[in-house]
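Can you keep this structure in mind? I'll have questions shortly.
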Amino acid sequence: MTAVFTDPDEAVAGIADGSTVLVGGFGLAGMPIGLIDALIRQGATDLTVVSNNAGNGDTGLAALLAAGRVRKMICSFPRQSDSWVFDGLYRSGKIELEVVPQGTLAERMRAAGAGIGAFYCPTGVGTPLAEGKETRTIDGRDHVLEYPIRGDVALIGAHVGDRMGNLVYRKTARNFGPVMATAATLTIAQVHHVVETGGLDPESVVTPCIYVDRILDLSATEGNQ
Amino acid sequence: MSTVEHLDRGPLARDELAARVARDIPPGSFVNLGIGQPTMVADHLPAASGVVLHTENGMLGMGPAAHGDEIDPDLINAGKFPVTELPGASYFHHADSFAMMRGGHLDVCVLGAFQVSGRGDLANWHTGAPDAIPAVGGAMDLATGAKQVFVMMTLFAKDGTPKLVPECTYPLTGLACVSRLYTDRAVFHIGPEGVTVAETYGTSVAELASRLEVPLRTLDATEGTNRRAS
Amino acid sequence: MTAVFTDPDEAVAGIADGSTVLVGGFGLAGMPIGLIDALIRQGATDLTVVSNNAGNGDTGLAALLAAGRVRKMICSFPRQSDSWVFDGLYRSGKIELEVVPQGTLAERMRAAGAGIGAFYCPTGVGTPLAEGKETRTIDGRDHVLEYPIRGDVALIGAHVGDRMGNLVYRKTARNFGPVMATAATLTIAQVHHVVETGGLDPESVVTPCIYVDRILDLSATEGNQ
Amino acid sequence: MSTVEHLDRGPLARDELAARVARDIPPGSFVNLGIGQPTMVADHLPAASGVVLHTENGMLGMGPAAHGDEIDPDLINAGKFPVTELPGASYFHHADSFAMMRGGHLDVCVLGAFQVSGRGDLANWHTGAPDAIPAVGGAMDLATGAKQVFVMMTLFAKDGTPKLVPECTYPLTGLACVSRLYTDRAVFHIGPEGVTVAETYGTSVAELASRLEVPLRTLDATEGTNRRAS
């Protein structure tokens, strides 16, 4: 059963040191800033963070990195014009990095959520990112064997949730959210507002409530701004 | 908790068995009820339990059977009978539906069975008869994917042979997947330690032990551990 | 670009003998009866049909089977109360049968559409349906290696399409349609009606137009009944 | 068709190059335009062409860049710039978006490059410099998945060294994936038979052959086959 919170600190309670945390968003679209800020206050450390990018500017994921809480980043595109926090940590050897092609990153999390043990993927064959990986030729095409990425926690941003935990997203802010929601033991979604059960069209629900453990309703906070 | 022997009554009727299963489904669970007898469990889940039903043909939040004007050919359950939609429902395609099952997101599935072994192996899709046309549907996916697999069946076949067996003789559906076995004569917990009798109906653990070839344990309240039945 | 037809015979033109045809539907929900009837008239034979069931009664897929056009069925659940056509063919050795667990059937078609070479799947391990398949233990759990199922053609039923080929479905009639649409070289969808481009909510499109080659608009026919 | 040498003009300007690429995109195609220079191709695709743009962060039917009030932080392209939505658009999540790419459903993607080899190997994600932070994004997925990979780049680096090379020295993005190479000096077709010059701009095939270490063929109208350039 999904619990609805209005206090971000309550929404992230209990995240353990050493957790693997899947963080949604592509750039800032769909980035769960409220939950990340709460995670910084919560204090969990020695984290492995899985996210497409490695933080922008000095806020959100970048602030989590700056606070020294992240042992390892798994992402497709850490280097950005404003990724100076990550860049500094990486260059000074203070953070591990695993670079994964963006589609393989998504598919590995999908595999975790879908109970697939591993899959043969054509992406990256013959490149440095396939080094050391098992390969196999199938139907004349080379593939690398890729394993699931599971999260202890997923922090995602959605548009609207209902009280049962069903979620809809908005435009390209959907990105990694629906995949990460399936791949973590504990999925926490921040939404702009929460509607009563029955308030979402069942045909349009993108993340069914079974994947959502906690919802942070931002409407009170955002309404105050 | 210790094993309870209900000796003052007969075996459970089908409807009582469905009610007994329903009692063990935790509130708020996501549950898939297999085709046939398991469907009856839904009638015994109080609305306040917050149990959400999944049907593998692409829906969470399935409601009761549809009748009369409610019948919609686009809204059916896995048994292809018309059903209804509850508030908070969602629809998804088959790959997403089985990803949900295989990925371990369903708390409980309830299945029928031809045989269950003492290790929790399940046989429920094929009699193995030479002229039978094999048809598996979603049985293997459910047996493999759900966090807990409950089976409901009669404990003995019509000819009196036990359906809880040391080794399944029918073709298997899944290995070591059944965690609870609900029958008309007894409720069993199945795990790495073996088969434990939780409750009996119109029979005793000793009588069951004499009719089954599977070693039986009992729940022991004092020690908090299971004990091998005599 | 998606072509819209009102004549079912034009919609199925060109399907070759020996094709693998993915047929949507679960029981009768989402079953593309109009397209199947047209395929019977079109005459393609020696087909491999992939569908969850193997026909009901004497119409639709059962009629295609009765016409002797199907060499092999790949399905999860052929045996039903009204599958007498298939049962007769099977018992007289006139049709091949490959039984696949329902979720593996869906996932194998998803893999075809998603460019996955093969995947390790826990379903069916230790059962007769895994016999002869490669197995591997991953994280202590046994898996069987499953390969994609590709279609030359997919025939699916959806609810509404737009002129570009985007599709939405209705309730549990969605079932296999969105997966099959991704897995075939030629995807043909029958819909109850077609709206102008822009007439579907972009957030609610289930099958993006890229997967749809032809649409059969049933509104004229259905309106006449 | 034979190779055309445009000797009466200089190399293509960036905008002319984008227009040249656009001319080769078949009407009605589903196309992904990579970050940076490839984005400019969109400006040269007439609306009547029916080309549908994909952005890997989960959208088909992407429109032009958003300006002023149109800007919506939830609606961005793969380069994270605000864009617009065209009628007939659809949104999907990242696994579905990359399934679309990996599954071979995009007709064309247009990418930038550091180097392309004579076999069509692509290097465009990493300079290999020891202090560079690797970042691959969706480049490998596009290179592997699209039916046709078009590359646009200058033919020579600022120091004059060719970027069309016998073997890529930068880390690879994909093997034998590039089918067309559009540069300021020439358009090349790349296939199992090798590199064929289709058109030149302000240079001749002979001059290109003298500056490149890759064997060049020309299109031959009479024979309908390719011919090795002298």
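The first chain written gets the first letter, and so on, giving A, B, C and D; residue counts start at 1 in each chain.
Here is the rule we use: contacts are C-beta pairs under 8 Å (C-beta built on N, C-alpha and C of every residue); 3 or more make two chains touch, one makes a residue touch a chain.
No experiment lies behind these values; they were computed from the predicted model shown.
As a whole-number value, the distance joining the C-alpha centres of chain A and chain C reads 33 Å. Taking each chain's centre as the average of its CA atoms, chain B and chain D sit 56 Å apart. Residue positions of chain A with contacts to 2 or more other chains are 107, 110, 114-116, 121-122, 169-171, 202-203. The multi-chain contact residues of chain D, meaning those touching 2 or more other chains, are 85, 91-92, 98-99, 101-102, 144-145.
Taken together, the touching pairs give a contact graph of some other shape, not a line, ring, star or complete one.
Of all possible chain pairings, those that touch are A-B, A-C, A-D, B-C, C-D. Residues 107, 111, 114-122, 136, 138-139, 141, 143, 147, 168-171, 201-204 of chain A touch chain C in their complex.
In the complex of the two chains, the chain D residues touching chain C come out as 27-28, 30, 50, 52, 54, 60-61, 85, 87-92, 98-106, 144-145. Residue ranges of chain A in contact with chain B, taken from their complex: 1, 110, 112-116, 162-164, 166, 182, 197-198, 200, 202-203, 205, 208-211. On chain B, the positions that touch chain C within their shared complex are 55-59, 72-77, 80, 85, 91-95, 97-99, 101-102, 121, 126, 131-141, 144-145, 171-175.
Against chain B, the residues of chain C that register as touching in their complex are 26-30, 52, 76-80, 86-87, 90-91, 97, 99-104, 106-107, 109-110, 121-129, 159, 169-179, 206.
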